[in-house]
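I've put the structures underneath this note.
You will see two complexes here that share subunit A, one where it goes with subunit B and one where it goes with subunit C.
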Partner chain A sequence: MTPSSGPASAHHGDDASATAPALEAVGLGLHGRDGWALRDGSFTVPRGRVVGLVGPNGAGKSSLVAVAAGLRPADAGVLRVLGHVPGSPAVLPRIGTLFQDRPLERRFTVAETLRLGRDLNPNWNDAAARAIVDNCDVPLKARVGRLSTGQRTCVALALALGKQPDLLLLDEPMADLDPQRRRALTGALMTRAAEHGTTIVMSTHTLSELHLVCDYVLLTARGRILIADDTEFVQAAHSLITYTCPAPAAPSLPPQAGTVIETRRSGRVHTALVCFPLSTEGAASTSSLSLEEILLAYLRNPQASPLIAGSTRDDAPSAGTPDSHERPTQ
Partner chain B sequence: MNTRPRIPRPTVRTAAGLARLAWHQHRTAHRTVLALAVLAAAWALWEHHQLVTAVEHWATTCPNGLTDSPPVCDHTPGAVRTVMEQAHPPLRYLPVAVGALLGAPLFAQTLQDGTHRLAWTQSVSRRQWAVAKLCVTGGVTALAALLLTAPVTWWWYTIRHGRTATGPIGTAWRDSTPQSDWSYLPYTGPAGVAHLLLALTTGAALGLLLRRVLSAVALSAAVTLALQTGLEQLRPHLLTPTIERTSSVVFPNRTTNAWHLDQGYTHADGSLTETYNCPPGSWEAVQRCARSQHITGSYIRNLDPQQFLPLQWLDTAICLTVIALLATFCLVHVRRMKTR
Partner chain C sequence: MEYRIERHSGVAPYQQIVQQTKQALRLGQLLPGDKLPSASAVVAAAAVNPNTVLKAYRELEREGLVDTRQGRGTFVRASLAQPGTQAGSPLRDGLRVWMATARADGLEREDVAALLAAELDVFFPRPVDAR
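Then we have the complex of A and B:
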């Protein structure tokens, strides 16, 4: 045995992959249907987090899932999954994927589909997979092609969870589920994350419920990663500061306010969403915002300075940004 | 990336799972192919019986061969016509059908539906998945090909041995069947199976490349036909033929069961020509004209009857080589494929 080859440490990887982040992107570029969906994206998703992947349609969320699942290579830069090249033999057994269109064999029955999962995955947990299917009231003998879209989602999710993966990549998992199934499946996912430390990355459009489920948010828009950080930290870092200006035409914000994401003006009342406020001097009031409001502000202002864990804001625009939203004075 | 961890070799359960997936995905096609093969084999066995009965009947009706016999002996028996003429077009175009209808959708269907992602995100490599698909449908094709090729080979064997038999039955076989049985070469023995497997692999490789069922079906049909035609053109050049010469412009007698390639005239220096520009006329006039063109004799080029089997194995080897190349392409390409 040559010392360089080392023992082939099957699929649960070496020491490096045991501590490697769930996802690590460096200069990641993804082509969308027309042009770049994401350019030069660098972020890290730590292990054991439940990550909300948020962004408008066409912002590269599904492409990111496809690249992480190893279906296609990144168009630029590098994405590492659990410390490995996506789709490599070391990582395939460790990730469970739910694609947006839920690819399943239409002529298979639900039982045959689960049997496929059992046959093709060494760590298969039949009880976990059946629990999902039972939760959704999907009959085992039914043909997959005859199921409703919600039921198909359940079967696809059962297949992903039955693998007992270390990382779950879920593309809009709740989009076509009724409230009852949504609650049941969310519960199952949260239990999986809590009991096994499974990292869950799920793309979603429902921002209002994001903070209930996710503890990490990855926001992408207009080809950039805007936020990649802890949800609590994101909430704590942003403040809505209200100023009252002496005259409508007067310059509004003190220059040392902080990184301004968005400003609104209504007559002499001037509000600014500020990230890392440095000083609240002169402010009439300061309030915190919901995660949804913060994310929407970033989505409205995709040129805003990004908030990415582990990186510094070197491209922060100066206070009183040009992309502020002026409300017409009455 | 200097150490490349591998997915452990497939366990029996994984291999069985992949095989089950491969069978289930195309189960209708697989069952249809096997059912059609059984029906065709039953018909071919029945037709063999008809053939033998017809020739035995001919032997009793036309005891003197073609000469001095009742007018019924001028007509080829129906069973002989079926076996030697009518059965050929279906056998000829069977690989085209296999390539287009079984081979092309093998990968193209699942790639078009997007269901390949179901298998590609389980704990098996794409290569294992592709091997399972090729092996299962290849196995079904090989089994169906065997079912069909065996009785067709029996036809050929009976005709060939009948034609070399002595006595009235041998005369009957020689008189009632066409001169050459070499048209059976790609439909019998190992070549019969290899040609169908070649068509399947061609269709599969094109389906993997094009990822669209309709375009894969169309192109597979065209490419399979082109491959079959190419092999037909190549076949006469694979073995060294025997040249039989005579010293007159009358061609030598043809050997029974030989493949008559071509014929022509010999010059005094031993060179051969196929053209002969003498108008038909009296024997002396023809002789005089031939002499004026320095033609001293005639020749025929044959592949001998005992070269049938070597040529068939050579044909099979060519098919198997192309199959191996195409299958390797599939296994290399499937790893590099990018999908959404």
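Then we have the complex of A and C:
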């Protein structure tokens, strides 16, 4: 039944769209409240991934989701969704969305809302939608306007999943859920991914659980895409190197340790979080890091050199973004 | 077989599945021919990325413990159960007697764990390249 799995998908469009990446951005620019939230962003999200979209508030996460859903145009550059222009008829039936304000008709009951979903979506799976509402303990007869925010999120996700989309675009889906519903909905999303290979892009601030749920991470901060790659690769690429320096005032790092993302100093002990360590000469120890520690280091150091899958444009950073190699260690 | 994924453990989630499967194989809770839960069943209950399960099953397959049959699922191929590990075996009963004595002597869980770890290293030294 998955449109992504071969000739059966021909009615969805040209052959290219069957293999096109879930998202493909070239020079993407997004206006934020004060200036550019994202500038010259180029990245690819392959099909079938569960993507964690990470970044501080105002870094363009919601804007990116809105542009991908076709709700607003990009302010510069191009974003393609499943190989198509966002919001075009070829792609709209194939995406499921969840926005932060969870827009639903408040006067409808939950059952009426799901019936509307069935009427509007030819590919509707009523059992899947109802299972979500049931598992999350949302009464079918209740009016949407009387539900808690967590319950409304469940209904919105039931609509998104009932549509049986190829791509789910979810803006902070877990933000206002209690632990039980969070677990149930995460389970439902993971089941959808396991059974249908659905691509899921979800923005989140919960970095500690990212490695459990996501296999791809898209990190944006200060107008730049800093990471766009497999979580496993991101984790393997970084090391924490510890040096012991005889004098506290001595320079903290031997040159050419690799691409330094962050350095810290505590007395004689200096640590460097390094991407692709070239040499660990003189190091007291080298250890691996959790994904959360790596992502936090990039968030603290938004001027760091980006790690973007398939990118060879590393040597041409856009104007005003100093290279991390030149960053003085304080 | 139900996997419990410790969400903030330092052990990678796929490794937790590998370890719990091996534990079940050692204790005879999984026997040759048994079917491991499907990836979607595991992810629905544990709320983890599907690749976690697939990676764990691939690893178990590489070690010759399970077989994946196309379209049918993943099945146990070899047991890790030793006769002595079964419930009711003299070896296991001996251990239970020892445990009961330790508890009666006022030892805490941590004391017993430390004692076991120390004697384990004496009688079953780790191979040099153990990870």
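FYI, the second predicted complex is superposed on the first by the 301 of 330 C-alpha atoms of A that agree within 3 Å, B and C clash if a C-alpha of one lies under 4 Å from a C-alpha of the other, contacts with A are read in each partner's own complex, and residues count from 1 in each chain.
Throughout what follows, contacts are C-beta pairs under 8 Å (C-beta built on N, C-alpha and C of every residue); 3 or more make two chains touch, one makes a residue touch a chain.
Values in this document were obtained by computation on a predicted structure and should not be read as measured data.
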So in the superposed three-chain picture, is A:121 touching just subunit B, just subunit C, both, or none of them (first/second/both/neither)? first
Kindly classify A:64 by the partners it touches after superposition: subunit B alone (first), subunit C alone (second), both, or neither? neither
What is the contact status of A:50 with respect to subunit B (first) and subunit C (second): first, second, both, or neither? second
Residues of subunit A touched by subunit B versus by subunit C: which partner has the larger set? B
Applying the document's definition of touch, where does A:195 land relative to subunit B and subunit C: first, second, both, or neither? second
So, A:227: does it touch subunit B (first), subunit C (second), both, or neither? neither
For A:163, using the defined touch cut-off, is the partner it touches subunit B, subunit C, both, or neither? Pick first, second, both or neither. first
Touch test for A:108: subunit B only (first), subunit C only (second), both, or neither? first
What residues on subunit A does subunit C touch that subunit B touches too? none
Enumerate the contact residues on subunit A facing subunit B in the complex. 4-6, 8-11, 13, 62-63, 66, 69-73, 84-85, 88-90, 92-93, 95-97, 99, 101, 103-108, 112, 115-123, 159, 163
Across the complex, what residues on subunit C touch subunit A? 5, 7-8, 10, 13, 39-40, 43-53
Quick check: in the complex, which residue numbers of subunit B touch subunit A? 1-8, 11, 13-14, 16-18, 20-21, 24-25, 27, 113-125, 338-340
Which residues, counting only subunit A, touch subunit C once they are in their complex? 50, 183, 186-188, 190-191, 193-195, 208-209, 211-215, 290
